[in-house]
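The next part holds the structures, each set out as structure tokens.
What follows is a pair of complexes built around chain A, which joins chain B in one and chain C in the other.
Showing the complex of A and B:
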């Protein structure tokens, strides 16, 4: 016998590597239901909604952050926004501004990490990965588990629970129906129309969803359309 | 009391003894916010209004508005600065400036509606605000750095890295909140450290509080920077209403980037944005892309996003004239580098951007140069090279060569060199009033020039100007007809302001002296003091008197949206009329401060070229001549001295000021609830006589 023993893959390694980072595989079109892991069967349905952001179209106005926090919390607070825009004012386009939205990962590390089921795929709202604050014990494992920086699950220090993008399913201050079947505040408000809602699982890349939402009118302004 | 918008505290800092205290915002809420509160604080806390701007007793207020840090469209990102300025000539009045970006939102998130800075530190310091933790830090390692370096060093100190983009904990425990953001920093560069009269305050890449010389005032206080980061919430009285109103405004009036109703006929032409408001149009004559990849860049909460960030990283966030500082080489990358250098040095572009051309003209006449009457060893023979503008800019920042005199502001330098009278008489030095560079033609666009000379500075308020001057000019430049006829334009503006008399927007040789024009000037003072300078509504969106993306009649968002937004955020009802009256109150308070500083009607005059030199270039403005409206070319026009003095008299009477000296009266101030102001004027022997 010359072959090596098959490498044991731990659940954490598998989920972390596949959750969204380092995939390189086109998942759009695949209808993922579940998969078998060494010690547990996971059956997390894919989300019925995703936010695509065109990283070159964003103007860094942070209107999405103001909107997100306001429609969820009833007050304006970018620290509680479930979408984060970060920027270096002196940076060189396109690395000057970064947009960090929750990817509604097909294999959500945050859901896996939650010991109480507070963070779950909400089947009442199209499988959106969301936190039930009543069940959250504040362990922050979801925040640690998120493979992205900054973590998409965030700590609500005012109310003492984790929270994350729920595609506005619980945006009670929006005055419109939210969730995958409804409106998303950031999509509606973005003055550059740089955020788009889609039901198709987007192409996964380490750097983000590759989304180009710029048409010939953008080019007419003198900006790049590639 | 408002149910939203305000966060409740104004932070007062005394740099002399390092003490801080909280002033409840509720004590000043009746002044609205921004400039209104800033002026009121100044009036209360500075007993001797005759002091110099460099005096430690000068109070600098840095104020947000109830709209700051909220979703209010193009009203969330501005911060207002007040205090005795040092730039204006011959008398530096109590003045104001403002800047965009994300500072005001951050200040609100930290829990403050504003800052009031008094005194002078005995060595260079910076103020570090992290939520409710306020410390005055030693700025020894920052002093000498340019404005960009200063901010990067502060970010490294506060957040642990110059460009961190991850969650960081603001306090030792998680209940203090986390942020992914860099702190918002307002700082001075070398120019401010040297107490230059034309030094600006700079925030992020290109947001500058330029006019007034507040950079020099900070320098005189040994104050290098203010850094603020917060994780708190700004309450909004009716979030759903604010959300819906914002969406409605964007849909009706915004530029739809995917499918615009009106689009520049020439690709990449920024100038057309003055009409349809496309993103990135603030780089004006360059075109948005400036020959390299770019994106639009906007202040917090804006729906227009008028600036740009570039692939080179140069001239990021620059706006309008900032980017036009110097272009003599014809090479765009050098033009951008010049703008960035100016920002890094922390110099007010509006004081110096004409100056190098004026001085180059004098060089060609043999008046400027080595050993000449104005002795200068700057490379004037290489004026159209970057090496020249680099040397010129640094000379001003560091006070070398003629920069030593220019550091006192161009007007004072001109006076010192014996050029002030001759060059402002010919118009070679186009500074119409108070030593500020001309913005629009003072002989023609009179609500601009009158508003400036009756006030403290170049007004820089474009709400009427976008329509009466730029719209016909830009459309003509693209060989298109104006979108509204002159009559329709004047009528629409008059309707939106509530004046309802189109003759207020007649710029003919008769029209600029009419009663209707004077009423238009007064409306402009009152609207801008409240909505723009106290509520923080940005000059590039508000007032929205007309909107060319909307409907056939092109009705704009003004006057219906301002009170709607105000109600959604604060929960308070405010009629249009009441808002203008509040603006009139704040304008009167400012006037009282100027009077205490020594203001008299005899000083409110223009420099000679305004009266003596006729216009030579076509300048479109609506005019009513020979019984008909048209866009006149207005060539051969100048202002008549006697007629202007008569305008002044009638303007004072309209404002209930003593027409013999321009001083507010007891009756006028009483109607505004300003009896205490009348008392102080009376004590100083400067109360106007009722009915005069």
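Showing the complex of A and C:
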């Protein structure tokens, strides 16, 4: 009696099996996912912090812009600032100065538009909407998607990626902890105390948040407080 | 031939319809990014390529009257799926922005281009894995692509002759020119790099991947794309634009070149086909090879 030689698997049989099992696993996984698992609702968590700016207090000094670029980029360059202050020399108070800060939208069009997940709600920093530069491919979809003008998502022309206000969560040159619950450079630097951090979702208006940061001392100087 | 036409027409129709759908769903509807919703097809394509290769029985080159079978059906399928996939990937990839040069596209075009990129990824992965597994099954086809010790000598002779220098004779090139074999190495490295980094980029639509990994993957993907672009442009120039490549281009549809062409351009290969036994470098017959 002779021992029967065990049948060896040929290379062709092996790769055919791998291909077949792979195709079966992917299609089977899809079937299970589609029919056996409940539908998921993907919601973007709300930000735990917002910047309020009192348009009637802002003097347009642009200190916030310089501070923003300094703490984020290590350079005082208003073109790299994530908060933008624009002045209209023909405008009348309080419409002569416009402050454009990110509103950390509850339904952020920029996050939805980003094709790579670079613009995301940062779970580690209270859900603040921010850009991971390493994931940004520079398509500028977020800039176009932002419903506000000027876009609150901006192009960093030096490093070639999108950027936006992250409430100083990634302010590596600040020396203080930023983000919700931390410090914000623009809030700290504003000489008019026209910028405030809040954890409450502010009242939204097309022109910006309805924010009144003026107190009686402001009134004592003869300025309007209402 | 009829079967080949049917398969080719089917794949071409699926590819064109896929691209139209991909463009429309993003550019007109503006709602869907296929890398998010159809990630499973990116995963399926390599396995489908492997399965198709396992089920394929290939024909070796053979002299058939006054013509020589150079490309069997599998070679034609893997060439065009890989090649057309590569072409669309390069165009959409460059349009989307390479090496942090911002995108040339606007508004919905970015998603539309990414969706077209997705369709090409599926085609490219199928074709490349079909080729790769076919190669695993018959190593002699891979060896035929690798440069030999004659690489520089033959290339100087070959192109010296083409440029009109009469002191050079046409060298007895094998199935592939030595210059093609050297370029093949570039394509091999670029393709492998693009696939690894590209799969990482595709995976980032489904799972969270650290930014540093994605940044490195994107940079390497872009650099490899430039390598692939260099290969692609040279390949199209020599194989499709210059008349000297037209017999080969025709063969990529019909499978055959003439005996005269094989004798003139690939004397070493023709000699192997006529007298396979006398060639010392001929590898042992792989029992798995079709």
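Note that the second predicted complex is superposed on the first by the 183 of 226 C-alpha atoms of A that agree within 3 Å, B and C clash if a C-alpha of one lies under 4 Å from a C-alpha of the other, contacts with A are read in each partner's own complex, and residues count from 1 in each chain.
To be clear about the criterion, a contact is a pair of C-beta atoms (placed from the backbone, for glycine too) under 8 Å apart; a residue touches a chain by one contact, two chains touch by 3 or more.
Keep in mind that this is a model prediction, so the values were computed, not measured.
When both complexes are overlaid on chain A, the residue A:154 reaches chain B alone and has no touch with chain C.
In the superposition on chain A, A:196 makes contact with neither chain B nor chain C. Contact with chain C, but none with chain B, is seen for A:134 once the two complexes are overlaid on the shared chain. Which of chain B and chain C touches more residues of chain A is settled by the count: it is B.
Contacts of A:115 after superposition on the shared chain: chain C is touched, whereas chain B is not. In the superposed model, A:144 lies in contact with chain C only, and not with chain B. In the superposition on chain A, the residues of chain A touched by chain B in one structure and by chain C in the other are 155, 160. Across the interface of their complex, chain A is touched by residues 33, 35, 40, 43-44, 46-55, 96-97, 100-103, 105-107, 110-111, 114, 133, 136-137, 201, 204-205, 208, 211-212, 214-215, 218, 287-288 of chain C. Chain A contributes residues 56-63, 66-67, 69-71, 73-80, 84, 86, 88-94, 96-98, 100, 143, 149-151, 154-155, 157-158, 160, 173-176, 185, 188-189, 191-193, 213, 215, 217-224 to its touches with chain B in the complex. Chain B makes touch with chain A in their complex at residues 69-71, 76, 102, 105, 109, 148, 151-152, 163, 165-167, 174-182, 204-205, 230-236, 239-244, 246-247, 250, 254, 256-260, 263-264, 267-270, 278-280, 287-289, 293-305, 309-313, 316-317. Those residues of chain A that touch chain C in the shared complex are 10-13, 15-23, 25-27, 29-30, 115-117, 132-135, 137-141, 144, 155, 160-161.
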